[in-house]
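My questions will all concern the structure given below.
Order of writing sets the chain letters: A, B and C. Residues in each chain are counted from 1.
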Amino acid sequence: MDLKEIAKIIDAELIGENFEVSGMNTLKDASKSEISFVSNSKYIKEIQDTHAGAIIVDKKSLEFVPQGCSALVVDFVYWQMATLTKYFAPTIEDETLPHAKIGEGSKISAKAEIANGAIIGKNCTIMAHVYVGANSVIGDNTILYPSVVVYRDCKIGNNCVIHANTTIGSDGFGFATNKMGEHNKIYQNGNVVIEDDVEIGSSTTIDRAAFATTLIKKGVRIDNLVQIGHNCIIGEYSVLVAQSGISGSTTMGRNVVMGGQSATAGHLTIAPFTTMAARSGVTKSIKESGVTFSGFPLMEHKLWLKLQAKIAKLIV
Amino acid sequence: MDLKEIAKIIDAELIGENFEVSGMNTLKDASKSEISFVSNSKYIKEIQDTHAGAIIVDKKSLEFVPQGCSALVVDFVYWQMATLTKYFAPTIEDETLPHAKIGEGSKISAKAEIANGAIIGKNCTIMAHVYVGANSVIGDNTILYPSVVVYRDCKIGNNCVIHANTTIGSDGFGFATNKMGEHNKIYQNGNVVIEDDVEIGSSTTIDRAAFATTLIKKGVRIDNLVQIGHNCIIGEYSVLVAQSGISGSTTMGRNVVMGGQSATAGHLTIAPFTTMAARSGVTKSIKESGVTFSGFPLMEHKLWLKLQAKIAKLIV
Amino acid sequence: MDLKEIAKIIDAELIGENFEVSGMNTLKDASKSEISFVSNSKYIKEIQDTHAGAIIVDKKSLEFVPQGCSALVVDFVYWQMATLTKYFAPTIEDETLPHAKIGEGSKISAKAEIANGAIIGKNCTIMAHVYVGANSVIGDNTILYPSVVVYRDCKIGNNCVIHANTTIGSDGFGFATNKMGEHNKIYQNGNVVIEDDVEIGSSTTIDRAAFATTLIKKGVRIDNLVQIGHNCIIGEYSVLVAQSGISGSTTMGRNVVMGGQSATAGHLTIAPFTTMAARSGVTKSIKESGVTFSGFPLMEHKLWLKLQAKIAKLIV
């Protein structure tokens, strides 16, 4: 698809050169053959540094588009960007891909479904009613318990254990909303990558990225019923206790501990070795590492204990 | 089954005419051929307006039963009503129903199970290990990702997307409890209806109604690990973020937003365009539309911010 | 495997007699042929009363090992104990076990998977995409809805109903962590036992015990998306509302009610007939029965209401 065709799809005015478009991406990650967008004035600075070949903008932001970069001018950037994502979404399954490859020593249940294009490593155990999607890759010695679902294009490392009914790579919760209150799906064309030695509990959900990758690093431990939003990065050896929830695009350093039912807002950065007590609610990035927090709003655990003592006195 | 037989099952005294009973329902929704019940004195006013053919009551409430309506007099209304629900529960699967009908262009995985009596629309994608129960109807262009479970008698509209491991139509959490602390299941004989253009995340649970319908209206967006109790009505274009929970019989207007890990109590009405911040806990109905709330107990978001500032000062 | 071999595996000094080891267990539950461990000085008192044949200890604790009990002396007890659990883990499936036995009148979907060694009682309904693991036993008249997963060695009683996508017996969240922040899995070699007349909602997760049994007693009602950690005991007729979470090794008496999104910390004891309002957070054991609590930190519900009134006044 070239830029002219795209301009038609999203009803945009094309300013600049036409070229063959390979995909969509964020301003930061887009390459010369990709389209990006700027829908929020706080990202205007990022326009300067983008390598995107074209940017979807509104009239107000047009002047910030750098030389040599094409512009697609529309009225509602976020809505039109969402419309376009559909055109870059791969099919859910693709029968033209080669049959799945299964490594030596792997036991695949006859009741599992391994889609075309998938690759399973050596000595894996893939149990009944597991689904592994197109082009997904599972490393060596990995166990997928019954009814685990891995969507297409994801990657799971070596020596991982994923417990029953867990979902890897379902769509992130992304959509644009217009003035009528209607929603327009942002197709989630990224993936999930899980590195080696990760264990994940049952009925946990890890969403695929809108663009790029949701990343679970080496040695992470995730409990049951945990939610990880699209584009999160969970640092090495981090521990996410049951029913905790990490909103989209949050990045954690290594050995972060999230207690049971704790949660973070989106787009935060959490320093390594941070500990959140159970039920913590994190709304701001944490820069100093090694600190233990509690509460919602969040505060240092020591302070929270003090505060609860003070609050208790209010009753007297 | 006629009223006399029912009187025997629940050990009731029958006062009034006998008739053939078609089912059970609430006072508000019951028709002439249905039985209802009143177990809580605050619903006694509703007796006057009911169209039910018969009502299960205790001796104290007997006098409120309107003329022409039969009464089944028992000692423990709620317990005996629960006992009776079992007799109106359909079988889980029914081999006498006709084979499922599959619309043109739909791709049904050989590893999916479509029960007899189900109807799948056109151009659907029904993936591996999906279950669609008896008499359930799926609209056109709808995608059910792997291991989605749709119980019997439910209805899903056109252009819906339901992500992996999500359950539609499991039994609502209903039971009567006696003085010994024992529980008696209230069979959930209603269903779930999901209108067009709805997207639902992974490992979300939407319970079928006890009677009537749990309703998800057009254009709603539901994230992962969300709980929706029996008999809820979720208004058009509402947005339920991950791990939020809506208790039974709560009705939301259009474009309500429930933040992550927020929750409502049951039997509430939430005005359209209400926004609940993450972790909000809603215990009373909300009448004014367009307001943003926070906290538990709930308050206007602005007030909550003020209050947190005051609370923080307690530590000094 | 005898004690000498085990000493080699975990690089321990063996003091005392060698014997053939049958398994691992807690100090309290271990028998003469089992190994236990003491990694926390607060359990040193329990050493005196243990029946374990051998105990993994560090040098400091060696002196407390009772006469006639062998000692395996290591530097890092918890880490080495974790290492050893792997050697006692059964295979996930075992083709040498006899074919599953199915009781009279039971309907097993052709798309369910019943592993070798499993036993299904009479008149059960085992629906599509259910998995029942090796040696697991299902009682009479029990219904497993689609995509329920029961891991090996578990036991479910008579007249139980387990809704779709629920997982029984996945691994508890157990691991040792070294000074490098790396984790070492504690294989969960116990099981889950669910007694008669229990109903469990959809996408709920109940973890198997590390050693011994996670126990759900007669008549319990569990809603959707509930988390029950390893080694918990849930008392008769208790009610766990949606999205509540019970941390590992907590024991509840009968008829405890946990409201929606409530939670307990681990290793607590909750008195019978305790009620926790929605969102309660329980961090200490509750000794007096029949009391209603709220809040986090937890307090009596009446107090909590008073406190919220006082807090509300802070804004004025």
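Definition applied: contacts are C-beta pairs under 8 Å (C-beta built on N, C-alpha and C of every residue); 3 or more make two chains touch, one makes a residue touch a chain.
None of these values were measured; they are calculated from a predicted model.
Between chain A and chain B, the superposing rotation on Cα atoms measures out at 120°, rounded to the nearest 5.
Of all residue numbers used at the contact between chain A and chain C, under half are used by both chains, marking a mostly different-residue interface.
One simple way to say how far apart two chains are is to compare their mean CA positions; for chain A and chain C this gives 32 Å. Each of residues 111, 129, 147, 165, 203, 225, 243, 261, 311 in chain A touches at least two other chains. If you check the complex, the residues on chain A that touch chain B are 92-93, 111, 113, 129, 131, 147, 149, 151, 165-167, 170-171, 173, 175, 177, 181-183, 185, 203-205, 207, 225, 227, 229, 243, 245, 247, 261, 263, 265, 281, 296-297, 299, 303, 306-307, 310-311. The touching residues of chain C, when paired with chain B in their complex, are 109, 111, 125, 127-129, 143, 145-147, 161, 163-165, 199, 201-203, 219, 221, 223-225, 236-237, 239, 241-243, 254-255, 260-261, 273, 278-279, 308, 311-312, 314-315.
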